[in-house]
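Presented sequentially are two complexes of subunit A, the first with subunit B as partner and the second with subunit C.
Our next item is the complex of A and B:
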């Protein structure tokens, strides 16, 4: 059962990822991207990483894709079809992705994955929150604070740029 | 506790056992998924019919009219007739619209509300999925719906639709924050995101009473932001009929229009249900400390009626808003959210955290 669901979700991700980059309509690409991201969230739900799945849905599906669609709607060229790419570019990009695929596939197949004997990590929200704000060993307080300062700076920057007339 | 006699998990367990005797493990799982899906589909249909009727009646009474009266007793069959009419209507298609996106948009919206309603606790043991991040899950999946509105507005290839979609997008993205933060205020009290635990923590009393003034402020903010989230009046400028014809669903007809309509009403139900669960104790009966006899009597009312009653009350409040307040302008709408609700909300959470830290709630 789980395997079947896994293959269905993987198929959805693969098909829509390819469609995202091959479509000539910009808004359709955004919608296909939405499907890819939602399917990724489904993966997390399958693995019972509920918190990560919900974050994936809010941040990527509900946040970033909506932002992308929003900014597409704000531009004037929403009806513009993207130009067909010439064949030399197609062949080179095809070769590059093939090379990357072989490289990654090779690594995955030659690497021996060891099953861990340790207990499965606790992924409850409580535990995640405590780890994020922990300044002891294995705590993430420094990255957490650095990212918050970075986001704050980005926000202030955006406001200043938007205000400048 | 008396109301434990109304535990639905006994029923679901017996169904599970019955199915287990008839077929294999995988088949049981698929059958149960199908059953849950059919139950929710039926619920959607009933909710749609009941809420449209309620809305028309409430609106009529607020305007000193009678509302639908002709079909059935007091017009109760009116919405059934309307549904049949919508089913038989021709699905129109604009010539130069993006067909794929145009047809896809209603489904995105309806799927988002379908996913959200799965986590709603209807009664003791009557909940499709009790995730450990319930509250967060509901806010996460309901944030996908706005993509459907934006796509619908663009794919219609109509300037009114596009403006409506843009307004709606700006509105939902901003008010989502307030909904999330006001729910977080209660999460600070409960210390859990799981709906079953949140309800369990309200056994001694509902949070709106026990959480002092901050809980009440959060409740008011939740109601305002929740009404805005569902694109209902006075925040319905996404479909302001006097200026935008019908906003993002101008070009839709027949069942595709009905999907938007249904999604709006189901979203209203979900917002009211989550509000009832977080602030008014979900399916927990009304209890007062000390009045043992009174509490016993209250326990005999089944939890499902408590839940539906509280939800109906909140839905009535939202309808009341719609028919009494004038529609806001887009700048007023954004000012209200970013300059008033959001700062109040943030300070409110701080106060609540302080109260919880000092143990001042009871």
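Our next item is the complex of A and C:
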């Protein structure tokens, strides 16, 4: 059953990834990318990385795609069809993709995956929260507060750039 | 992974949505004409494409939204252990909020939230 779901999700990811790069309407490419990202989140849920899946959905599917769609809508060439790609570009990009596929496939197949007997790290949201807020040994409270400073810097930077006349 | 629940979920979804579509297409009277096929826009005939260029002002709001979106990601794990950790967790998140609140105040002061 789990294998079946895995193949269904894989098929969704593959189909929409190909559609993302082959469609001639740019706004549709963004929406196909959204489907790819959501299907990736489904993978994380399958592996029970619930927090990672939630981050994938809120930040990538909810945030980044919105930003991409906004960027597209700000341009005035939304309705134009993208140019047909010429055959030289098709062949070279095909070769590059093939090379990448062979490289990654080679690495995966020559690597021997050993089943480990050691305890798998607890990745539940509860445990992440406990570690993130822990100020003792092995706690991440300082990075947690630094994140807010980083976000503050990002916000101020965005406002300064946007408000510059 | 509880696959029985998942199958049931999909089946229920297919039945609930599918039956609605199927029954309404079977029961509804069908008289098609050109006017009915038009997109409805306040009763006025539609004009031009629907994919229009947006005002640049939206972009700043999108970025501010994204930053607070990332902030919520860090509130999830806090919310699950808030009761268990008590006052310490509360003070920690308070510091987190105050620092980000400064950003909101800055945006407010710089009129970034004002629509132009």
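Convention: the second predicted complex is superposed on the first by the 142 of 165 C-alpha atoms of A that agree within 3 Å, B and C clash if a C-alpha of one lies under 4 Å from a C-alpha of the other, contacts with A are read in each partner's own complex, and residues count from 1 in each chain.
Going forward, a residue touches a chain if its C-beta (ideal position, glycine included) is under 8 Å from a C-beta of that chain, and two chains touch if they have at least 3 such contacts.
As the structure is a prediction and not an experimental result, all values here were calculated from the model.
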Practice prompt. Please indicate which partner A:73 is in contact with in the superposed arrangement: first for subunit B, second for subunit C, both, or neither.
Written response: both
Worksheet item: Regarding the shared-chain residue A:154, is it in contact with subunit B (first), subunit C (second), both, or neither?
Response: second
Worksheet item: Which partner, once the models are overlaid, touches more of subunit A's residues, subunit C or subunit B?
Response: C
Discussion item. Under the stated touch criterion, which partner chain does A:103 make contact with: subunit B (first), subunit C (second), both, or neither?
Written reply: neither
Worksheet item: Which partner does A:144 contact after superposing on A: first (subunit B), second (subunit C), both, neither?
Response: second
Worksheet entry | Which superposed partner A:38 touches (first subunit B, second subunit C, both, neither) | first
Item to complete: Examine A:54 and indicate which partner it touches, taking first as subunit B and second as subunit C; both and neither are also allowed.
Response: both
Discussion item. According to the stated criteria, A:21 is in contact with first (subunit B), second (subunit C), both, or neither; which is it?
Written reply: neither
Item to complete: For A:1, select first, second, both or neither according to whether it touches subunit B, subunit C, the two together, or no partner.
Response: both
Worksheet item: Looking at the overlay, does A:65 come into contact with subunit B only (first), subunit C only (second), both, or neither?
Response: first
Worksheet entry | Doubly contacted residues of subunit A, that is, touched by subunit B and again by subunit C | 1, 27, 51, 54-55, 58, 62-63, 66, 70, 73-74, 78, 125
Worksheet, complete the sentence: Touching subunit B in the complex, subunit A uses residues 1, 25, 27-28, 31, 34, 38, 50-51, 54-55, 57-58, 61-63, 65-66, 69-70, 72-74, 78, 124-125
Worksheet, complete the sentence: Residue positions on subunit B within touch of subunit A in the complex are 25-26, 29, 98, 100-101, 104, 131-133, 136-137, 139-141, 143-144, 146-147, 150-151, 153-155, 162, 165-166, 169, 173, 176, 193
Item to complete: Could you please specify the touching residues of subunit C with respect to subunit A in the complex?
Response: 1, 3, 6, 49, 51-54, 56, 58-60, 62-67, 69-74, 76-81, 84-85, 88-89, 92-93, 95-97, 99-100, 102-103, 106-107, 110-112
Worksheet item: Which subunit A residues qualify as touching subunit C in the complex?
Response: 1-2, 5, 27, 46, 48, 51, 54-55, 58-59, 62-64, 66-67, 70-71, 73-76, 78-79, 125-126, 128-130, 132-133, 135, 141, 144-145, 147-149, 151-152, 154-156, 158-159, 162-163
